[in-house]
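Chain naming follows the written order as A, B, C and D, and within any one chain the residues start at number 1.
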Amino acid sequence: MSKVWKVAVLGAAGRMGSEAVKAVNTAEDMDLVAALGSSDSLDEVVESGAEVIVDLTVPDVTEKNVRFAVEHGIHAVVGTTGWDDQKVANLRDLLTQHPQVGVLIAPNFAIGSILATEFAAKASKFFESVEVIEMHHPNKVDAPSGTAVHTAHKIAEAREEAGVGASPDATTKDEGGSRGAVVDGVHVHAVRLRGLVAHQEILLGDAGQQLVIRHDSFDRASFMPGVLLGVREVAAHPGLTHGLDGFLDLS
Amino acid sequence: MSKVWKVAVLGAAGRMGSEAVKAVNTAEDMDLVAALGSSDSLDEVVESGAEVIVDLTVPDVTEKNVRFAVEHGIHAVVGTTGWDDQKVANLRDLLTQHPQVGVLIAPNFAIGSILATEFAAKASKFFESVEVIEMHHPNKVDAPSGTAVHTAHKIAEAREEAGVGASPDATTKDEGGSRGAVVDGVHVHAVRLRGLVAHQEILLGDAGQQLVIRHDSFDRASFMPGVLLGVREVAAHPGLTHGLDGFLDLS
Amino acid sequence: MSKVWKVAVLGAAGRMGSEAVKAVNTAEDMDLVAALGSSDSLDEVVESGAEVIVDLTVPDVTEKNVRFAVEHGIHAVVGTTGWDDQKVANLRDLLTQHPQVGVLIAPNFAIGSILATEFAAKASKFFESVEVIEMHHPNKVDAPSGTAVHTAHKIAEAREEAGVGASPDATTKDEGGSRGAVVDGVHVHAVRLRGLVAHQEILLGDAGQQLVIRHDSFDRASFMPGVLLGVREVAAHPGLTHGLDGFLDLS
Amino acid sequence: MSKVWKVAVLGAAGRMGSEAVKAVNTAEDMDLVAALGSSDSLDEVVESGAEVIVDLTVPDVTEKNVRFAVEHGIHAVVGTTGWDDQKVANLRDLLTQHPQVGVLIAPNFAIGSILATEFAAKASKFFESVEVIEMHHPNKVDAPSGTAVHTAHKIAEAREEAGVGASPDATTKDEGGSRGAVVDGVHVHAVRLRGLVAHQEILLGDAGQQLVIRHDSFDRASFMPGVLLGVREVAAHPGLTHGLDGFLDLS
C-alpha cells in the first residue's frame, strides 16, 4: 500500500486555502487531518498528527506558522508571500537544528508556468531574439507581473552564460513607449484585459523560425497540482527549497 | 469574354514593383503592357496603351507619375508613400477636371490586414477591453507600426461613436513602461523579433470571454491580391479613394 | 430617464439561469420581477408585470413557456435548445396573431463567438484557404461543436456566393484521419483538453499571409452580455428572430 | 584563434544545398572548400581538404557519399532522407573501422522544432491532456507530418514512463472524424493552409491551466543554424548520431 500523507491546511478559509482543502480531500494519497482558520490554535496541527502543513495564510503570520511546524518536526509547503531575506535566513538557521525537516517556499504553484519559464530560458540561447508578453485581468495593480520579471531574469542568465548577445533592435523612434519595459535586457510587455486571469507568452525568434511558449492560468485550480506535488515531495527534500522547480524532474 | 486590363507597372525594378510585375503577368484578366524603371520615360505609359498604372516608386516621383496618368485619362493604383495633405489636395483638384478617372492611394495592400483592422473596430464596441500588439522584424526603425496606429485610431473612433468608455486598468506601478504606448486611449505594444515579417494582433476582452484577431504578413506576395483588386476596381471608382477598404465589399 | 425593463427569468435555478439572475440584477436598466424554478406557476410571470421573459429552462417545457408569454403579450429571449422546425413553425403562426410581440431564439449568446463567425464568413471570400479548429473541455460528448458546424456553414455559403472554390489540398495519404471532418467543404478539427471551456479558431490563408480569428469562452458569464442585449432589443424586433446576430449592429 | 572548419557541401545546387552554401560562406568559423553538384566527382571532396561534408543530395546517392567520406576520415552531416535500417546498419559497421569519424543523420535541422518536441515530451507527464496540431502549406501530400508523428511518439513514451494515463475524452459522437488521427494514443490534427510553411503546436491541459508550445518554420533559412551546429559538433561526437537533439545541450 502506498503512503498516505496526513496534511493540515492553514488559511483554510481563504481563496487559495479553500481550494487546497478541496484538493487535499480529493487526493487519494492524502488525509486532511486539520483545516485551520485565523482564529484556530496551532496546537491543533500537532494534535491532528499532521506530517505536512500547507501554509496559505498572510504575510503577518506565515513565519510563525512555519517555524512552529519545523520545531515540531512537521514539513511545510508555503505559498504565502512576505518571506524577505531576513526571515529566510532565520528559517535556514532553525532548519539546521531540525535537519530531517523539509520546507518548500514557492511563489508560484502553477506547474505549467514554471515549465514555461524553464523551457524559455533553456531555448533562449539558441535564438537571436526573445521577448516576453504577460497578460492579466485589469484589476492587477502592478506591471509587469512578478512571473514575467522572473522569466526575464532566467532568460538573461541563460543567455549570458552561453555568451549570447542582446536581441537585435533597430528602433530609433518610439515616442509612446510601445517597446515596453526592459528587464535584464529582455523586453517585457504587459497587457490588461477583462476576461483574462494570468497568462504569459515567451516569443523566441531566429532567421526563418519562431518558437512560442505560452502558459494560461484560467483559475486557482491550476495551482493545486503544484501544491499536492509539494506535499508529496517535501519530506524527501530536507532543508529549505525555494521554488517548485526544485521538485520537478525534467530529465 | 471578360475584361482584360492593360496595366503598366512603375517602379518595376524595386522589391514591391518586381512582385507586382509577376502578379500582373500571372493574372488572367490582365495584360502587362509596360514595366518602367527609374530611367524610363513616362511617355511609354501612353504609348503602351495602359488603362491603369500601378505606382510602386519612391516619394520623390510618385506625384509626378500619378498626375501624368490622370492627365492622360489613365487610372492609378498607388502604393508609394509620401502623399502629404498638400499633394492629396492638389490631386483632388486635378481629378475634378478628369471626372472619369479613378485613383486609389493605399498605404496597405494586404487585404487580411485591412480586414483585421475593420473587424477589430467593429467588435470593439461590444468589449470592455481592447489592446493591440504588433510584431515585426528587428530592422524596423519606428515603433509602433503605422498599421497599429491606424488600427488604434479606428478602434477609438468606433468606441467613441458607440459611447464605450476607456478599457479598465488598475495599474498603479509600472516603472519600466511595460504597459506600452497609449494611442487614442488604446494600449499598443511593439515586439521586434528576428524571423518575423509584419504581424498584428488585436485582443478584445469582456467578462468570461476573449476575441483575438490576428494578421500575419509572411512576405511581399501578401500585398499582390490587394494590388490586383485595386487594378480591377479603380476604374469603377472615379475620383480619389484613400485606403483599399473602400473597394472591399464586406456586406 | 431611460427605460427600465421588467424581466422574469425562467429556469432561474439552473446553471445558466442563475447567471442570468445575477446579470439582470446587476444591470441598471433592468428590474428582476420574477425568478421561476421548475415548480413555479407561469401565472407568476403575468402577476409580476414582466415585459420580457428570459427562458433558460429545458427542451421539454420551453415551448409551453414561450407560447404562454406570447399569448400574454410578453416578449421572450430564449436560450433553451430543442426548437425543431415544427415548434418554430407553430410559434411563427402564433406570432402572426400577436404582431407586436418579439421572440429571440439564440443557440449562442456569446457576442464574441457570433462576431467570430460573422467575420470569418465575410473574410473567407478573400482567402484561398480556410479551416476551423474548435477546442473544448474533455467532457463534451459530441464533436465537432455546433458552433463550429454553424461557422463552417456560413463560410461555405459566403464562398459559394462569391464564387470562391474549395480550399486547396494535395493530401493523398492520411490513414489516421488527421485532416479532420469536412463540413460543407470546410475542414473542421476538434480538440478536447482539460482546463479549456469553449474555444474556436478560424484560420484563413492566402499567398504570404494569414488571418486568424479566435474566440475564447472562459465561463458562463460570457453569455450574459448577449442575454442582456437580447432583453434590450427584443421588443424593438417584433416577430421571430433566430440568432443574436440579427440584433448586432455591425455597420 | 578559434578553429575554422573546412566544409564541402554536396547537393550544392539544390534548394537546401544552396541555402547551406550561403550559410557556410557566412559563418566566420567555416571555410567552404568545395560545393558539389550531381555531376561532380567525389574526389573533389578529398582534394579540397574538407574536414566535414554536408550531404543535402537525394536518397539514391547519399549512402555512397557518406561512406566515401567516412572511408577518407571525413566527418559527415546528413540531411538527406532515405536512410533505411539496412543502410544505417551498414554505416555503423563501417564506422567501427573508422572510430574517430563522426556522422550525424538528422531528419530535422530546425533547432526550434527539436526543442518544441523535447519540451512537449518533458511537460506531458505533468498534464492530464495533450494534443498536437500541425499546420503546413496545401501542397504537402502526406498527413500528419513526420515531425508531428515523432512528437506524438516522444510524448507517448514520456507519459508511459511516468505512468500517466490517456488524455480524457468523452466523445461518443463524431461522424465526420473531427477528432483527428490517434498516434500512439495522442490526437494529432493536420491543417493545410495557403501561406503557411511548416508549423507545429502542442497543447497541454490540466485543471485550470494550459501550456502551449508552438514552432513556426517560415522558410528554409530556419534549418541553417542547425546545419552549422552539426558541422561544429560532429567531430566531437565520433560514431553515428541520429537526430540533432544529441548535440543540443539542454541542461
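Going forward, a residue touches a chain if its C-beta (ideal position, glycine included) is under 8 Å from a C-beta of that chain, and two chains touch if they have at least 3 such contacts.
What you see is a predicted model, and the numbers here were worked out from it, not measured in a lab.
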| item | value |
| --- | --- |
| Which of B-C and A-C has more C-beta contact pairs | B-C |
| Interface copy of A-D among C-D, B-D or B-C, judged by whether over half of the contact pairs recur | B-C |
| Distance from subunit B to subunit A - Cα centre to Cα centre, in angstrom | 45 |
| Where subunit A and subunit C are represented by their mean Cα positions, the distance between them in whole Å | 39 |
| Inter-centroid spacing, subunit C versus subunit B (mean Cα positions, whole Å) | 34 |
| Shared interface positions of subunit C, touching two or more other chains | 127, 195, 204, 206-210, 216, 218, 222 |
| Residue numbers on subunit C that touch subunit A, as the complex places them | 195, 197, 216, 218, 222 |
| Footprint of subunit D on subunit A - complex, ascending | 110-113, 115-116, 119, 122-123, 126-127, 204, 206-225, 248, 250 |
| Subunit B-facing residues of subunit A, complex | 127-131, 133-135, 138-144, 148, 167-183, 187-196, 203-210 |
